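The two complexes that follow have chain A in common; it is paired with chain B in the first and with chain C in the second.
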Partner chain A sequence: MTGYLLRRLAGVLVVMLLVTAVAYLVFFLLPSDPARLSCGKPCTPDRLAQVRALLGYNHSVPVQYLQYLRGIVLGRDYGAGAATLHCAAPCFGYSFPQGRPVTSLIAERFPVTLSIAAGAALLWLVSGVLAGLVCALYRDSWLDRLLTVGALGGVSAPTFLVGLMGILVFGFRFNVLPVNGYIALTDDPAQWAFHLILPWCTLAFVFAAVYTRLTRTQVLEVLGEDYIAVARAKGLSRRRVFVRHALRAGLTPVLTLFALDLGGLLGGAVITEKVFGMQGLGALLIDAVASSDLPVVVGCTVFAGLLIVLANLAVDLLHGYLDPRVTS
Partner chain B sequence: MTELGVASVTATGQDEPLPPTGGPWARGWDRFRSQHWGLVGGLAVLGLIVAGSCAPLLARIEGQNPYSYHLELLDDARGNAPRGPLGGVSTAHWFGVEPLTGRDLFAITLYGLRTSLLVGIVATAAAVLIGVLIGLLAGYAGGLTDSVLSRFMDVMFAFPSLVFMIALTALVPDSLPRVLVVVAVIAVFGWTAIARVIRGQTLSLVNREFVLAARSLGAGWRWILVRELLPNLVSTVIVFASLAVPAAVGTEAALSFLGVGIPPPAPDLGRSISDAIAWVQGDPMFLLFPAGLLFAAVLGFNLLGDGLRDALDPRAARTAWTGRQGRGR
Partner chain C sequence: MRRTMLVGAVAALIAVGTSGCHANSTSAGPGQHKVKSGGELDVLSPAPTINLDPAKSQNLATSTIHLVLRSLTTWQESATEAPKVVPDLATDTGQVSDGGKRWTYTLKPGLKYADGSPILAADIKYGVERSFAAQLSGGLAYHKSLLVGGDKYSGPFDGKQLDSIQTPDDRTIVFQLNKSSGDWPWIASMPAFAPVPQKDENIQHYGDHPMASGPYQVSSLKQGSTLVLSRNPHWDRSTDPVRTAQPDSIVYTMGLDPTVINQRLIADQGKDRNAVSSANVPAALLPKVQGNPSVAQRLATSPSGALSYLAINVTHAPLNNVRVRQALEYAVNKKAVQVAAGGAKIGGELASTLITPGIPGYQSYNKYPADPTGDVAKAKSLLGQAGHASGVSLTLLTQNDSINLAEAQAVQSGLTAAGINVRLKPEDSDSFYADTGASKGNYDLALLSWLPDYPSATGNIAPLFDSSQIGNGNYNSSHYSNPAVDKLIAQASAETDPAKAQALWAQADQTIMADAPVVPLLYARNAFLRGSGVANFFAPPYPPYADLLVVGLAG
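Now for the complex of A and B:
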């Protein structure tokens, strides 16, 4: 198990390096000049050169990349002397238009995205898997058909459409739920949850559909395996076979998908945030893109990549636990 | 990283007696025809593709185009919402008109549908091409090539694709045609799923007797790839492609919804829906027409893809494709 763990950690590190490298290189090799974007107006040649030197853009791209990596691990200082801007580790860059380190911007927005993602994830995992299990257990019944059709609808409906329909029906028609704005959990837990009901349900509906379909096919497939028949033939009860043998094998891919989905969503629920007017990581990214705030764009991307890589690590560890064959 | 359930799978009962006559394709067609929903999806897709490609013709039959303003149809007392019921539906404007501009909504949604389908289909074709090539190469070459390519797929899979797509589409220079950028971005992030499945299937095929036989008879790699492997992968490719189109259409709509997709004035379903948010109270029809068409397109392709999958039954595709890939959130 230790060897497996170490191998996985090394793999995570390599993938993370590659993800940051690609994100960094692509954005900084694009023909937009990051120094000019950070320079502000009016941008005199003197000031441009000053900004370039301050941000380290006067170095070659590989050196810049190494400085960036170093900043994530150790923090970094921009400029020298009295005008030094310190960016503490983990430093994802410095946004000049906003005059703040990217890390603090991310830290400020992350609770919003976390609130949206965590609640929705709980909801979609429970409802999606339950619906899938019902479908698999009562295969070809009217309930199975109903849920399967519903799941197909959920898979086909774009997230923003579901959200807008929710706003139209529950916000404007019946006027029972708030349709935008985020209340911090620490300010008022009840209002926090109340304002998040629609975003949670929107994401849960869209994601649960996928989980229903996946759970259904997985469990049905496992139930067709020989070892299930053997377990039944040995005299184990249907319930015991289902719970002890079929679920464990059938739900492993579901958990895999769950970790990846949650990791992806934590990097920014871009569309949900836009529909419901919440200022999370996704909104931060969209705004940064609109104002060409390159350090924030790169920072958001790298941070999102980090989360997905961590999710992958979690999946690997989970697999090692659920299926001992992988660790050997 | 983890292989997403690309497992070899045993059949789950239903030993329907298959007629020995006809090839696998004929039997697949028979199975496809017998499930109504796949056929419904296929017909819907066909109808929407025809409607999209004939958008200029249909708009001309209606007597409108998606660019002319009709300010006289707007009610400035209500913030320039369309006059009349249902967002100004009339015999002259079949879906009513757009608020603020009075442009014909029927023409806008049809042109928008054309954009969405075009981007979705072209991006899928590109993604499938890349995916099949890389998957075949990894599975057939094996060894170091396979490990490098597999790691590469892992990295691509680990990319926060929507975040990256947004950042990329917004930062490439304006001199590049926006449609091409959107297609390229969707293709670049869309090929990994099919590449993984093709790799897995190729791995299991290369050591099968018929491939070994061909090889021992002196067949070169080209013969084996084209004559032995590809025919066994075609059904997987078809199923994946038909399920990848709705994902690509949804992604394109999501990007345009976020304001980083197809720029105005070209009509686009995602952007129309985004514009409609502000009018959802005063003129819900402005949301419902483009949204309904987008939903119909995605649903139609999904029904068709599900039907094809059940009919052609490439078993790896069943578990590997969950509809997750390339989805906006």
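Now for the complex of A and C:
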């Protein structure tokens, strides 16, 4: 198991290096010049050169990339003397327009995205799996058909539409839920949850659909396996067979998907955050793209990549635990 | 958001210079009740962040930053007329000498910061100096090339000062320019001219809590989320000709979805009654707003605004022939463009000049008078004279959002009728601005919009038509180069008598239009909603945003 873990960690490092390299290419492939964004209005060639020198854009591409990597490990300073701009390690970049290191922006926004993602994930996992189990156990009944159609609706509906409909119906029409804004957990836990109900339900409705269908399929497949028939034949109760034997095998793919979905969502639930006016990582990324704040774009991409890679690692380790055949 | 509190802050929109309800009854906007003192005003904004560091700010004098900071001068606004420059921290708009190159300001006596310490002339000097530092660049930079030595100066953080700013005593500041500038009083209203006390500052965080010289100070700032402003106890109302500062506190909420903001204000429930929007009403919600009289009367529309125009690349054949360009002036169906922009009331009036209404010196004229839908016959005749009777083929560069596309299509269909075949080239905004600012234009026509940074005709003319502004990311997208016009621009910029300067700019406007390097399309308007508990809320002709400096709660 240890060897397996070490091999996977090495893989993580390699992938992250590739991710940073590809993300950094953004600086050179997009038409916008990040130095121009911070040059001022009107912008003269002298001032532009000054800003480029300060931000390190006057070096060659490989040198800039190496400086970036060095910053991630050791931190980075821009300028010199009394007015140095400090970017402490790990420095994923420095947002000049916002005057902050990207790391501190991410640290500030992450709790928002975490609140949205974790709550929604719990909701969709529980509701999706339960619905799927119900479908599997009562297959072809009216309940099964109803839930399957509902799942189809959830899979097809775009997130922003569901979100806006929710705001329109529950926020404006019936006036029972807040229409936007995020209250920090530390400020007011009750309000924090109250403001998150609509975003959680929106995301859960869209994601749970996939889990319902997947759980249903997986459980039905496992229930058809020989060893299940043997266990029943041996006299084990239906419930014991189902819970101890069928579920574990049936849910492994579901947990895999869950870890990947959660990892991806933690990098930023863009549409949900924008619709509900919550300042999470997704909103940060979209705003940075809109304003051509490239260091933030690169930093957020690298961070989101890191989360997905870690989620994959978690899934692999989980598989290693659940299915010993994998680690040998 | 759901709690019913006495909210009264209208922070998002922009502060207007004129004093409250009592004085100025020319503000004939709907629902102009008396403004009462006190309460909390809410401003709902789609902006992702707010920048309160004066060196890095590009904000207008009527924006939120000027609720906290005061500059040497400021703008006096009204709902219908062009703004005037008035003294703010200074006693007048500047004493000029040395042929327009030397400007002297005296600070009003007894001015204090929020912590009770006095505002000194040296603080204004320091504020301007720090705007030169590369670490704080990104703000309005009109002063940087005008001040002597400004081109070489890189800020006070390595111990060097800018000698062309002198402070002979605590209340006097003198600026030495390298050429005469009639716009200096406007330039002195910019955020960089706000006083910054010379302490060891953490420059990365100064904008989180700038030292307040205005009626409000930063109580808390959660960047990307909320800015709470509370009263500055040391702001003296009698020294401020423009700000009414009636609410006790102003809460500016950022990062909200524009549709949801406008839905909230249409619904006008609870706390939102004391809120205003800084997001334009989206086209999809206009029928809902205009169809409901109680909502429509809470809508403030600016009478004028940015100039929407078609830039003609004069270096590309056949557009290098003035007759072909003049044919375009007649051929464009401006009415169709207006409809695509939302109609006259929301989209804007048809434009025929370069200087926009709301800018001092605007004169209404039309060098190419035609029916609003265009004069196809005249256009064809001009094309014939130019030797292109069989028509021409042109590319039109546009941004690929829905409004720009709709307007571009309106232009395209109008020109087709005159035998001018237009191929649309939509691009995302990054590529679009890279292309229109490039030294070699790869387009024939481009659909653009321009709003000056301060209310002087310099801003309408110089950045778009001076030959030095071609390429390098600048805005002369027509690539227009006329030495006579360059000379006129230099002369008008240097003229310190406002009336004479305005006459020169009007002359420049007509001279340039005779060469037809652009087709003016619309004076674009903006429209903003307020809650029913808000008073004195309007958007002047310039700048076309709600003036936050005079909004308050209805009494």
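Everything below uses one rule, namely that the second predicted complex is superposed on the first by the 324 of 328 C-alpha atoms of A that agree within 3 Å, B and C clash if a C-alpha of one lies under 4 Å from a C-alpha of the other, contacts with A are read in each partner's own complex, and residues count from 1 in each chain.
As a working rule, a residue touches a chain if its C-beta (ideal position, glycine included) is under 8 Å from a C-beta of that chain, and two chains touch if they have at least 3 such contacts.
All figures in this text were calculated on a predicted structure; none of them were measured in a lab.
Asker: Could you tell me whether chain B and chain C fit or clash when both sit on chain A in the superposition?
Answerer: Partners clash after overlay.
Asker: Contacts for A:Gly75 in the overlay, against chain B (first) and chain C (second): which applies, first, second, both or neither?
Answerer: neither
Asker: Quick check for you: in the superposed arrangement, does A:Pro111 touch first (chain B), second (chain C), both or neither?
Answerer: Neither partner.
Asker: Considering only the touch criterion stated at the top, classify A:Lys274 as touching first (chain B), second (chain C), both, or neither.
Answerer: both
Asker: Which holds for A:Gln50: it touches chain B only (first), chain C only (second), both, or neither?
Answerer: Second partner only, chain C.
Asker: So, A:Gln98: does it touch chain B (first), chain C (second), both, or neither?
Answerer: So A:Gln98 only meets chain C here.
Asker: Using the touch definition from the top, say if A:Leu214 reaches chain B (first), chain C (second), both or neither.
Answerer: first
Asker: Determine, under the contact definition given at the top, whether A:Phe172 touches first (chain B), second (chain C), both, or neither.
Answerer: both
Asker: Could you tell me if A:Glu225 is touching chain B, chain C, both of them or neither one (first, second, both, neither)?
Answerer: first
Asker: Going by the overlay, flag which of 27-35, 45-53, 225-233 or 261-269 in chain B ends up clashing with chain C.
Answerer: After superposing on chain A, the stretch of chain B hitting chain C is 261-269.
Asker: By the touch definition above, which chain A residues appear in both interfaces, chain B in one complex and chain C in the other?
Answerer: On chain A, the residues that contact chain B in one structure and chain C in the other are 30-32, 164, 167-168, 172, 274-275, 292.
Asker: Using the touch definition up top, name the residues of chain C that touch chain A in the complex.
Answerer: Against chain A, the touching part of chain C is residues 1-2, 48-49, 51, 53, 56, 58, 133-135, 137-142, 144-145, 151, 154-155, 157-158, 203-205, 207, 223-225, 253-257, 259-260, 263-264, 267, 269, 430-431, 433-434, 453, 463, 472-474.
Asker: Would you pull the chain A residues touching chain B in the complex into a rising list?
Answerer: 11, 14-15, 18-19, 22-23, 26-27, 30-32, 152-153, 155-161, 164-165, 167-168, 172, 203, 206, 209-210, 213-214, 217-218, 220-221, 223-226, 253, 256-257, 261, 264-265, 267-272, 274-275, 282, 285-286, 289-290, 292, 294, 297-298, 300-301, 304-305, 307-309, 312, 315-316, 319
Asker: Where on chain A is chain C touching in the complex?
Answerer: Result: residues 30-33, 36-47, 50-51, 53-54, 78-79, 81-86, 96-100, 108-109, 164, 167-168, 172, 175, 178-182, 195, 274-279, 283-284, 287, 291-292 of chain A touch chain C.
Asker: Under the touch definition given earlier, write down the residues of chain B that touch chain A in their complex.
Answerer: My answer: residues 1-2, 4-5, 9-13, 151, 154-155, 158-160, 162-164, 166-168, 170-173, 246, 250, 253-254, 257-260, 273-274, 276-277, 280-281, 284, 287, 291, 294-295, 298-299, 302-303, 306, 318-319, 322-324, 327-329.
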